[in-house]
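Take a look at the structures listed below.
Common to both upcoming complexes is chain A, partnered first by chain B, then by chain C.
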Partner chain A sequence: MDKPSHLSVIVDLSPTQWAFCAQSTAPPGLPLQTFLSQLLAFLNAHIACKDENTLAVFGAFPGQSVMLYSSTGEAMTSTTEATDPNTYRPFKTLDSTVMSSIAERFNSYDVTEEEEPIGLVGCLTKALCYINRTISVVSASAQGTEGATRSIDPRILVLSVSPDQSSTYIPIMNSIFSAQKLKVTIDVCKVFGADNVFLQQAAHLTGGAYVQIERTDALLQYMMMSFLPPPAIRQLISVPTQDRVDFRAACFCHKRIVEIGFVCSVCLSIFCQPVPVCSTCRTKFPIKTLQRLNASRPLATTPSTPGTPRPLTQKNGAALPRPG
Partner chain B sequence: MPSIVCSAQASYKKLPGLLELTDTHLQWTKTGDQSPVVKFPYAEAAALSRSKAGAEQVRLKIGLVSNEAGHNFTFTSPQAVALAERDKFEAELTTIIARNRAPPPQAQFPAVATSKARQVATPAPVTNGSAAGTPMRPPAPHARPSQSRAVSVASESRASDTPVGDSPTTDFRLRKKVLVSTPELAQLHRELVMGGHITENEFWEGREHLLLAQAAAESQKRGKPGQLVDPRPQSVDGEVKIIITPQLVHDIFEEFPVVAKAYSENVPEKLSEAEFWSRYFQSRLFNAHRASIRSSAAQHVVKDDPILDKYLEKDDDDIEPRRLREERVDTFIDLGATSVDHEETGNERDITMQAGKQRAVLPLIRKFNEHSTRLLDTALGGPSVKRRRLENGEERYAQLDLEDLHDNQSSAGIILDMKDRQRYFDGRANGAEQGDPEGPRVAFREALQQAKASTTGWSANLAQLRIEKKAGDAALISMTQNVQSRLDVKQRKHDIPEALFRQMTTCQTAANEFLRQFWLAIYPPANEFQQLSVATPAQKTAKALKMIAYLSKTHEKVEALVAEAQREQVDPNRIRVAMKPILDAVDKALSFWQFKNADKAPGVR
Partner chain C sequence: MPPAGRRIGDDFVDDSDSDVSITGLDEEPSRSKAKGKGKAIDRKKKDQGKGKAKDQAYAWEATYTRSWDTVQEDEAGRLEGAVQDLIARGRRRRLLAPAAAIRRTIIRHLVLVLDLSSAMMDRDMRPTRFDLMLQYAREFVTEWFDQNPLGQIGIVGMRGGLGERIGEMSGNPQDVLKAILERHKLLPNGEPSLQNAVEMARSSMSHLPTHSSREIVVIFGSLTTCDPGNIHDTLDECVKDRIRISIVALAAEMKVCRELCDKTGGQFGVAMNEGHFKDLLFELIPPPAQRAVARTGGGPAADLMIMGFPMRLPDTSPPSLCVCHSQMKSEGFLCPRCLAKVCDVPTDCDICGLMIVSSPHLARSYHHLFPVKPYSAVMTLDDTPEPSKRCHGCAVAFKEMPSTMLGASGEGMSFYGRYRCSECHNDFCTDCDVFVHDVVHCCPGCGK
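For the complex of A and B:
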């Protein structure tokens, strides 16, 4: 661990989902309080590992995404807690900033409104922008010494309890591609709820770990073992991950998750049924091809179970959409 | 009774007999026998070679298309007669071989037909668009491979400039070549087609690209070989032999025009061909034409030869080569033109980089240069082709305008014109946002209350944080197991016994092929242009039915494999896990078929 590492934590704070989680008995759930204390312990551990480690915490609330804490000091709250002689000061600052930001956000909600889906994608993009900014600052200052290798190892950890939102497929895929470019690893910790297809793909494509928690009362054990080691030493300390990845994609027209789709050969956008004109790049497809493809569509009512997951294959022809 | 063109007493494999050339075949009969032991039609003769003139035995070797080694015949008549006979055979066979190598395509079919009179018409089954697959499956499957091989052998003797069309024989040949080059495909083909499950056409239906690639690779012709013509004598049992083929003779004449001149002047008036060659290879002329300057080994062999020594030329080791290179010097890069300008102030003349400091090496270097020039000329089309005169000014500028001097221009690219950006980025799925699965609904307000309550008093909670030992251990163990199993998989050696593994692979590839045929029958064709056979819907359904029948048996096959695994002390679960993907695919196809049929069953509307 000779390179300092940066960790951006994205916490899924959807009240309804946490209520489900707290109430559920099988699989055993976890109340939000316990979760938050374990999370704080983990964050303290990260900044204790190495002095130069940096941390940023983002919260995904219904309809908004907020930066709760950052070690470079962007998200400071107005109130400061009294100094406590029993606690290591950096820990105390971190914990109090995070918790007070969360409380502030919760209080700002108007109860009569409908709950919106959480801003997970917003958090993801903000985290990537933050990382990009800090990386470029560091490399600008350390140009003489470092040379080509980057001095900071960034990674993102997503703690999620909510299910997939198919409308977020496209933005999440775009974030994954930018993470690949920036060489950022995305880890995912699924505390509660069904498997999240898009986050699985995110972990797989960036080389991160996807862990589904079975014993929620030992959440801290999971986090310490799987998510504390920075990417550089993961070759030595193997972290557990889930190998089965569901590679299904969502169609662009209805945002439904599809197994077999039709791909435009110009812009590679995915459709669940053959369209005469591609909606993203406005390429026209010949009628004969459409008729032929319509005849070949899988029958609508066969149950589409994934079976053993396989990647969605895409075929490109010469300006003809073809069944994939 | 076919008429005999020439015949001679000749022995084959040390047995005496009679060698005959009829107007359709070449055959050899052992004395005393009635029917010929060796008999092959004209089309099979591929190569001809003979023993050195002056050698003890007068031999003739004929290489066949199918059999590279061919047959060796030794003429047993007394020497002079044998030589004459051999020459006659040779002349006839050379014309036949030449005809074999470069025939016009149209003339082939009647020739093939007549010479293949004994073989039952095999091109017939390979007609395109054959309706049912059954004509392809003769009742005796073992007879078919031998027939097919014979037809393809005949067609291999054709030149490579036969156009790739729908000609059945070219198809056969291409298929055979593709199968020979990929052994896995050959195995699959052997099992499925020879075993009678799938017809030949069906097998090749999705694989046309392989055939096209093979045809493209074949149509590339080889150019002239780059090596200098240098026949080396091989000493066999003390007797020094050079095998003279017509090709070699042609090459020698092209390389050394002196030899051609000598040949045309001396043969057949003063020397016979055989004598000419034997004397040539022992003469000084040949020694001068060798591609190596080490003459020590050949000293004792070289004899004076009155006729051939007349053609000896002086060694090419003057300052200027004997054949000056005819080259136009480009005025832009003519370095010699400016040397006059720099006489006083220029560099010293270079004395280090002079070719051929050793005079003895010069002839060889010049010979190599001439050979390379000749090669390039034949490949590029002669030195005079490039001298095309354009407008004076333009041409000069064009010579200066090198591409490397242009600036690096990045292309702007085509902007992706997206309409409806909002829909692309935003779009909620209809009804996909149902927030509640099974389970109790929680109102937002209560949930928010709970959440707010959790955030108060957090420091006390943090101080009291405890992880139960059992829970922690359980978590640790499960994670360790996860890592361990992955490590295990990486390290595990392949220890399934070979036979079982092969059975598994064949089962999988066969099932894959059936699946491919099934889906091909169901879905419309992928590409409208490339199709091997156009089948009517009825045929397609029939094919689909057949495939379904095969696919239903796959489960039993896998169970049989698992049972065998148990017998061989291999963990049966591994087999099951390995075969699971193919079983899933088979199940999917089966359910699709059932669904489709169940749909149609209750009355067609």
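For the complex of A and C:
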């Protein structure tokens, strides 16, 4: 607990998905306004935990990734508001900066255009770049002092509402491996929508928690209980882990998510059906193999379409008190 | 391989085939001594090692290690120039790398041959050649599995005139590391036998499918080899089996070693000092680019493989028997075709024979196939109407004024500290440039 920790929060701000989320009734939905106020409470809690704690907030907008706030002052908008004697100043700066940057983006957003896929990958890589710089700065300055090699404990929290984008499979996997190298934990909170296979893998591979919200009205409680404690403490309190991790991959030809794939031996490209020529490395495959694979294909299950729900076992939510 | 030009450095001669220069013997003793080594440096590596070779002395020449000599202060007494030099060197190396070498063998099988002859107790590399070799071999194995997760490594030792199987071919890094963990079991003695070791490595790879690569990496410290038969017959067999042999020699170049590498398409290098030894060894880690038509004709046949991506069961699931060990276990992976439970991946399903891999294993290799394009250094801001104030990656503020302080080799470096992606035209700082290309392999601007 002595160590300060760094938290990078990536907020998925896809207007369409949030509209769906607000209108949803089957699981009771959550309007964006309520979500943001709960998020700000959580962020304030993080910087209140310890004075040296640092925070960066990234927004994934359609086709864009923006740094909304950072405690080292990179994304500060010029706020000349009157100081309020009744609020703690850092809270106030944080809240107003995040809210004004989000409002600014949404105002410039053109409703008539078709929505681009959200810039989750951009956010992940930016967060990693930012953490990489913070680590190198800290380790350089800490060398002289009492041998504190890693004085910050970086992690990333992704608040996701959008479904998987198969086209981002490779960049997301690359980000996951670099997070592993930097020893960054990636936590995922799925606020709305079906399970996100890639983010599940991200949380599993980096030792983070993947939490699917069951009751959206208790979002703040979920976040406080699962994501506020830094990874060092999580070993002591049992944070909900994933029950099943899906290791399916996206095929290169149709970007479908497949269980059984056909893999090129030269470049390991994945295809959902036998192809005569590899589209990535232009390798021609022998005809015999194609015939053999095609003959055996009816035995194999056909590649399932994305989003096919799998039977899920009971959530392992032991540490999470039932909201109510 | 087309004959490349030999390197011409400060202390290298390029035009003589004999090992002894008659005229140069008296006046230039240091020059003729360096000659045997100079030829030994792998020709392919001449671009990369150029700056390095000049700064570093041979291990036997350096009486003292004077690490402070390599860092030079500038007029103002700061080290910035030296640091800039190092960064610039890394940048240039990346720019020189071929951009479109996309065909690489990913499923690799490698036998690491360690020299355990008495020549390895030589102390010209500190602490001894043997200890250094063990240390680097462990690092090599770890890094190799990181980059080639579907590969397998076996270990063979050369000791007492025999080839000795130290570690079986295995895809598990822990197994391989365990084999070379215990120093006292590997203590050097006797003569090495190159032929015996290569034959043993060859026989352990004879059963492999055609689409996987077969490689032998030899770390060779001795200047002699004690063989039972004609080593050229072994060489011919290796060429026929399409085995690549790469050798890192610690003493000097031997003709038979050079020939083994050249004929099989491997790399050969003689380590000048500790750092160079590590460089030579670690150059063998990235998957080799596959030549479109291998000289031996045909090249390794490509094939389409069917693979299953399993689902991982949590630790808390109800225990059941696994098909591989018949043990009651909670955790495990479900084969997607027959739903049998196996303990670990990658493996072949014991029930239906499907190759089960987890997709992260495959994904680890993809950055070799889709590298990030190198960023170009921004030399002037005149042609950009509104230059961004902050780095697109880490949001650090750019310098307003161009810096005048650059190292001696400032080429390829931006005066503004800005590097621009050719796809999305965003500017990045030096740190992010290095980080994006070496670690993330994905541009934050365009996501490619």
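Just so we're on the same page, the second predicted complex is superposed on the first by the 283 of 324 C-alpha atoms of A that agree within 3 Å, B and C clash if a C-alpha of one lies under 4 Å from a C-alpha of the other, contacts with A are read in each partner's own complex, and residues count from 1 in each chain.
Here, a contact is a pair of C-beta atoms (placed from the backbone, for glycine too) under 8 Å apart; a residue touches a chain by one contact, two chains touch by 3 or more.
If you're wondering where the values come from, they're calculated on a predicted model, not measured in any experiment.
When both complexes are overlaid on chain A, chain B and chain C end up clashing with each other.
Touch criterion not met for A:T185: it reaches neither chain B nor chain C.
When the two structures are aligned on the shared chain, A:R215 is found in touch with chain B, with no touch to chain C. Looking at the shared chain after the overlay, A:C267 reaches both chain B and chain C. In the superposed model, A:R248 lies in contact with chain C only, and not with chain B. Of the two partner chains placed by the overlay, chain B and chain C both lie in contact with A:P171. Of the two partner chains, chain B and chain C are each touched by A:T280.
After superposition on chain A, the chain C segment that clashes with chain B is 279-287; the remaining candidates among 9-17, 135-143, 261-269 or 279-287 show no clashing C-alpha atoms. In the three-chain superposition model, chain A touches both chain B and chain C at residues 170-171, 241, 243, 267, 280-281, 293, 296, 301, 310. Residues 416-420, 423-430, 432-433, 435, 437, 439-440, 442, 444-448, 450-452, 454-456, 458-459, 461-462, 464-465, 467-468, 471-472, 474-476, 478-480, 482-483, 486-487, 522-524, 526-527, 580-581, 584, 587-588, 591-592, 595-596, 599 of chain B are the ones touching chain A in the complex. Note for the complex: chain C touches chain A at residues 102-107, 150, 211-212, 290, 301-317, 333, 336-337, 345, 354, 358-360, 362-367, 369-370, 390-397, 431-432, 435-436, 439-445, 447-448. Listing the residues of chain A that touch chain C in their complex gives 65, 67, 70, 74-75, 119, 121-122, 125-126, 128-130, 132-133, 136, 168-171, 173-178, 181-182, 201, 204-205, 241-249, 258-271, 274-275, 278, 280-281, 283-286, 289-290, 293, 296, 300-301, 310, 313, 316. For chain A in complex with chain B, the touching residues are 13, 15-16, 18-20, 22-24, 31-34, 36-38, 40-41, 95-96, 99, 102-103, 106-107, 109, 111, 113-115, 117, 163, 165-167, 170-171, 194, 211, 214-215, 217-218, 220-222, 225-226, 238-241, 243, 252, 254-256, 267, 279-282, 292-293, 295-296, 298-299, 301-302, 307-308, 310, 317, 322-323.
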